[in-house]
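A, B, C, D, E and F label the chains in the order they appear, each numbered from 1.
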Amino acid sequence: MRENKALSAWRADEQTIGCWLSLANAYSAEAIANLGFDWVCVDLQHGLIDHADLATMLPAISTSQATPLVRVPWNEPYEIMKALDAGAYGVIVPMVNNREETEQAVMACRYPPDGYRSFGPIRGALYGGRGYAKEANTHLACVAMIETAEGREKAEEIITTPGLDGIYIGPADLALSMGLPAMGDQPQPEHLEEVKRLIALCKKHRVAVGIHTGGIEYTQKYLELGCNFIAMGSDSGHMMKAAAKELAEARGTQEKQRESTGY
Amino acid sequence: MRENKALSAWRADEQTIGCWLSLANAYSAEAIANLGFDWVCVDLQHGLIDHADLATMLPAISTSQATPLVRVPWNEPYEIMKALDAGAYGVIVPMVNNREETEQAVMACRYPPDGYRSFGPIRGALYGGRGYAKEANTHLACVAMIETAEGREKAEEIITTPGLDGIYIGPADLALSMGLPAMGDQPQPEHLEEVKRLIALCKKHRVAVGIHTGGIEYTQKYLELGCNFIAMGSDSGHMMKAAAKELAEARGTQEKQRESTGY
Amino acid sequence: MRENKALSAWRADEQTIGCWLSLANAYSAEAIANLGFDWVCVDLQHGLIDHADLATMLPAISTSQATPLVRVPWNEPYEIMKALDAGAYGVIVPMVNNREETEQAVMACRYPPDGYRSFGPIRGALYGGRGYAKEANTHLACVAMIETAEGREKAEEIITTPGLDGIYIGPADLALSMGLPAMGDQPQPEHLEEVKRLIALCKKHRVAVGIHTGGIEYTQKYLELGCNFIAMGSDSGHMMKAAAKELAEARGTQEKQRESTGY
Amino acid sequence: MRENKALSAWRADEQTIGCWLSLANAYSAEAIANLGFDWVCVDLQHGLIDHADLATMLPAISTSQATPLVRVPWNEPYEIMKALDAGAYGVIVPMVNNREETEQAVMACRYPPDGYRSFGPIRGALYGGRGYAKEANTHLACVAMIETAEGREKAEEIITTPGLDGIYIGPADLALSMGLPAMGDQPQPEHLEEVKRLIALCKKHRVAVGIHTGGIEYTQKYLELGCNFIAMGSDSGHMMKAAAKELAEARGTQEKQRESTGY
Amino acid sequence: MRENKALSAWRADEQTIGCWLSLANAYSAEAIANLGFDWVCVDLQHGLIDHADLATMLPAISTSQATPLVRVPWNEPYEIMKALDAGAYGVIVPMVNNREETEQAVMACRYPPDGYRSFGPIRGALYGGRGYAKEANTHLACVAMIETAEGREKAEEIITTPGLDGIYIGPADLALSMGLPAMGDQPQPEHLEEVKRLIALCKKHRVAVGIHTGGIEYTQKYLELGCNFIAMGSDSGHMMKAAAKELAEARGTQEKQRESTGY
Amino acid sequence: MRENKALSAWRADEQTIGCWLSLANAYSAEAIANLGFDWVCVDLQHGLIDHADLATMLPAISTSQATPLVRVPWNEPYEIMKALDAGAYGVIVPMVNNREETEQAVMACRYPPDGYRSFGPIRGALYGGRGYAKEANTHLACVAMIETAEGREKAEEIITTPGLDGIYIGPADLALSMGLPAMGDQPQPEHLEEVKRLIALCKKHRVAVGIHTGGIEYTQKYLELGCNFIAMGSDSGHMMKAAAKELAEARGTQEKQRESTGY
């Protein structure tokens, strides 16, 4: 079975950098994946992407070396199974609150007797290659998001769930759960403290820890804190940030030009 | 009929800034269009976008104040007509070589007796509103690209074609036609001279002139040269440029981190 | 944040008229929305429309003044959240049976601490504009359908659920729940009595009440009963009704013509 | 090979009633086709429908007894061939001006030695059944539109082109070609005279004649004039007409209600 | 209401042969359905097919005599209802474990008072025709899959659930549940014994029994065991098996040719 | 720039085996491409595939070692350019009749000064990698189909067109052009003679020669005749052939079973 390079790195406590995909488009997925990210993650929760889009985006990602991950829309077993069958090499499961919910997510990723994943890895086996049926249980990453009040409280029982490969921190929801404004890149000290606490818990239990960011600034910050996987912005985020910045500059030039020439 | 703000600006010899759309996706189109660009242009020639995508991208653009333009795949009358019927407020026609070809493009944009556009503005009239049938001939922009050897040679006969609203310069094809490497933002002096010559011809004949760029640098350069409409990069271009830049920076941080901590 | 005009009207106990969208098509959505309806509702439950279609239909609706609503396929938190993230300004939740289920629907529409909606309003914030994160909890409508036996029985506990904005009556399912044939526009007196009872309960508790119809006849009837929002037929319903009626008339003419001329 | 019922009727100088399809949607196509129309025509010229949509709309139409026709976007041989390969049982070719253009359209519909259609009727043969390869040349309808000034002038040479099965009149373009406003259902006497002249020419040469209408009124008028195939409105036309009419009525009721109750 | 031929055959304890559809494509569905299979089943669980694809695949299947079935992604009421509303004449529900879950599936297929299916059979009624609302409860097949350890153990309580029309055995998951390797066509004797036991239970209770195969070999085996419905391979399975076989043969010829000619 | 392995083989007069893609589906394209074919060809002419499908099928093919080719719908410059921009490494151009038409096809594949391809290889450069702009003219294959009467007559002038990389024989159209029935795998001796004549001409002028087949039988025949590239059937062809064969066998078993058991 093809190696899950991202997961291998996490197991070795290495750091990886990925990118979030929010656009339902095969070309943008292929373009981003081929830039050199360690992994990319197709977002089925908040983006405007549906399961059907995986059928075209995952092959596009498979032209690259980036490990294909999917954030499923919810901790719903069949959504997890469909993502894996389509060729995801890992799932990020939102809003996990406790041990029971974590187990539910983990078991949806594993064939019996480890879990209750149903067999039929249509495209997964095509991408994974020989040995998929036997090795999938150990090679596909199951990542739980900690981002709710209950999840924060029960972080340790979540993190120590057998079979779980990693924790992903959703900073905006985490903030909401703490009574802070919903922002991705959070400047509040108590937010940072909570992130550090979660990272420390993961390190203690040798579970990979990841986090979402809006770009380079917080990526650097979280690299320094030892995160194993950081989503550095998204396809649409990079697009809009760059276009807005250049437009503002161009409007300045245009204004000068207008003043000097009357155009 | 709803005003064609971009065309009005061009007729007043004002300057406008637009963005190129190369991603077949309604959300990225809507997001870019709402950033404040004067116009956006859906590329049916080189992008991975097909006519069918106009049916979802043009409504998304119509939520904004940006004038919706379409670069048709070729100087093919029915491709021009279908783009206008779908609600484009102007077409950019590639690879126009001479007066005859320019007339062919112009006439495809105009109902009889001015041209031979066939009547059936399904979504065009929905977007344009009352008066579309009567006013479309004067409110929809027809723009010809000058970018071939023959087109450069016959630039004046193209520019002076009655009914033509503007000229759009394709810098990469222009370069190829001059024996230069195919680059968008061209540093070669002779390329700049040719661009200046074409701008001057347009100014002389009071025809709007536009040009394609990869971003802010050449946008500023061409604003200063008096261009009326400049495409400042594209959706996918902004996305990839920004993502690549941040990834390179993050790799630097990661490397330092690796050295200092062994992660 | 952009005003939710439909919700504002309901809160003022005004009457609004909407249209149901059953066709997965951006153009028909845009055309209907621009006819002047107060709101339109994309049906993800019974129509042939899937979540992915929201990505193209909601922008098309956003070109109009009509408030965009979505009937989600089920009282499933993540389906509600995905609809709101895509830009719905309200959800209609089918088959709500009791207080607990109503609370589940309401909480899926609200960010903490009011509920457990996860943060990531990709297109919702683009449509809603500045202030979305702060104001969404009060500006997005949560509507529960009463249409089952249990729902009818527990109508008052549903209606009085804190945070609920309205009740929508599904006449066909309501009929089935009463042992009547499944028809939309119901002529049975006991059906009418039950509808009146539900309307009265809503009026008593100052909660908006809406209902589904097949067209003008029952729309007028329910307007007179004081309903706050009435879906007057659907895109496909209007299409088929009108086409069938004209075809029948034309067949008559054709028959006469055949008799008189032998064609 | 499955019979072409519409063409058989035309050859017997019978009258048929069809419906125009402007919505790129399999369900609306299936719904309209099953209402009992003799034929339906998917519009690839002015609608928001692309060739790719034929792959889903033609099967949907094939569930009914209606003969599937396609208006191709232009008199372009390969567009005609692709429509037939997808299973169209006839093409309506817009803007035909003279004998040469008519021959070009006819030959694109016929395999050698009658024409130059290329062989590969992927879905056409699936729909047509056994014998398709041998009988297609005589069973697939080729219809030319007369709607331009030149086409009107050279009507007789168009109509008498060997192999042509019918003429379709585009009333709006016809009007434009006569200096009249672009309306579908034309009240002008000279327009009617021109339509009558074309019908008479077709009758004289025993070629089927068809025409486009917006609905029942002109359908009845043209049935009385002896037309063989009349498109009585379109999917989206019926939808919008009916919805707008009912909305206006409901607004009246709403107004009265507002006055009497204060809602 | 149109007869459910597959279900009628099962009720008469006859044998039927179907084909599995794993490709999200209207043409392949139409082509397979028209080959003469008694039924075809669109797989929403393991295939790369989403609910939205039903909107184009079910009409394509409806051009044939094959009964359209859908394997829903999970025992989720609204997924079952959406499949039926789209025109499925039966659902195959995966991973059913006990009586309670079976009842949940059955009730999702039946209108009150038999179940809690919500009314709105948009395309179902178009395909089913007159009488759908009244007869759907008895004409639409509900089939439960037995393929888990718990399901095997509680097979009899599943099989005897009132309203259930059949059992479908998933051989690969069944194998996993028995500690055997996940293979479709299973050579292990204990697997065969378990299949036989389940068939016998179904025969005893006069409930139809079906099973999945990879092709003719196991189809013949299970026909001889008396199965009522057998999926003989899938669209993509047949495609890959045949292409791989011929490619291997051609490589042989190519090798010989290379040796003899040096090509 | 990534090597064009198929073209390299043809230039070395080696033999390659490919597969035709007629299904608009990313998964079937990926599955076939990964079986080990030297190349696959997406058919935009006769299949039900449109340009828009290239955006998802070409990335899926790019996960394999198979060289991606596209048969364009017609010898239309912009269709050729769009296919190359989307990442095709070669085009097969149907119905080429003479030197002039061949030159038109070749020039559409080459940037100036060799041709008039317009610059903008959006996905082509992503797939091709560094050096694309410089090397594309020599690395992308241009293949002309000889299959018409005129084309057969002028075969030598077509074959010897500078820049042309190969000839592809369309056996069915070739047969029609000779007055033979339109069949793919042709048993007629005069057809074979004509194929041999064309192969000999290609060998004489050292131009690669390819041909279409329905499967292994004719593939072996043409391998022995020295063809450089042979399309051994298609995705849908393999699917239908295998499914039909197994269904016939299963019906036999079913019949026996019926006789012996009464099922």
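By definition in this document, a contact is a pair of C-beta atoms (placed from the backbone, for glycine too) under 8 Å apart; a residue touches a chain by one contact, two chains touch by 3 or more.
In this text, all values refer to a predicted model and were calculated from it rather than measured experimentally.
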Common contacts of chain E and chain F?
A, D
Chain F against chain D, contact positions shared by both copies (same if over half, else different)
different
From the C-alpha centre of chain A to that of chain C, how far is it in Å?
34
From the mean C-alpha coordinate of chain B to that of chain C, what's the distance rounded to whole Å?
40
Where the CA atoms of chain A average out and where those of chain D average out, how many Å apart are those spots?
51
Multi-partner residues of chain E (at least 2 other chains)
22, 24, 27, 31, 48, 50, 52, 55, 122-123, 236
Give the pairs of chains that touch; include all such pairs.
A-B, A-C, A-E, A-F, B-C, B-D, B-F, C-D, C-E, D-E, D-F, E-F
Residue numbers of chain E touching chain A in their complex, please.
22, 24, 43, 45-48, 50, 52-53, 73-74, 76, 94-95, 147-149, 170, 172-173, 176-177, 179, 181-182, 236
Chain F to chain B touching residues, read off their complex:
50-52, 54-55, 77-78, 81-82, 85-86, 111-113, 116, 118-123, 133-134
Touching chain C in the complex: which residues of chain D?
13-15, 17, 19, 22-28, 31-32, 35-37, 48, 215-216, 219-220, 223-224, 226, 230, 232-233, 235-236, 238-244, 246-247, 249-251, 253-254, 257-258, 261, 263
Of all residues in chain A, which touch chain F in the complex?
26-27, 30-31, 34, 55-56, 59-60, 62-63, 122-123, 126-127
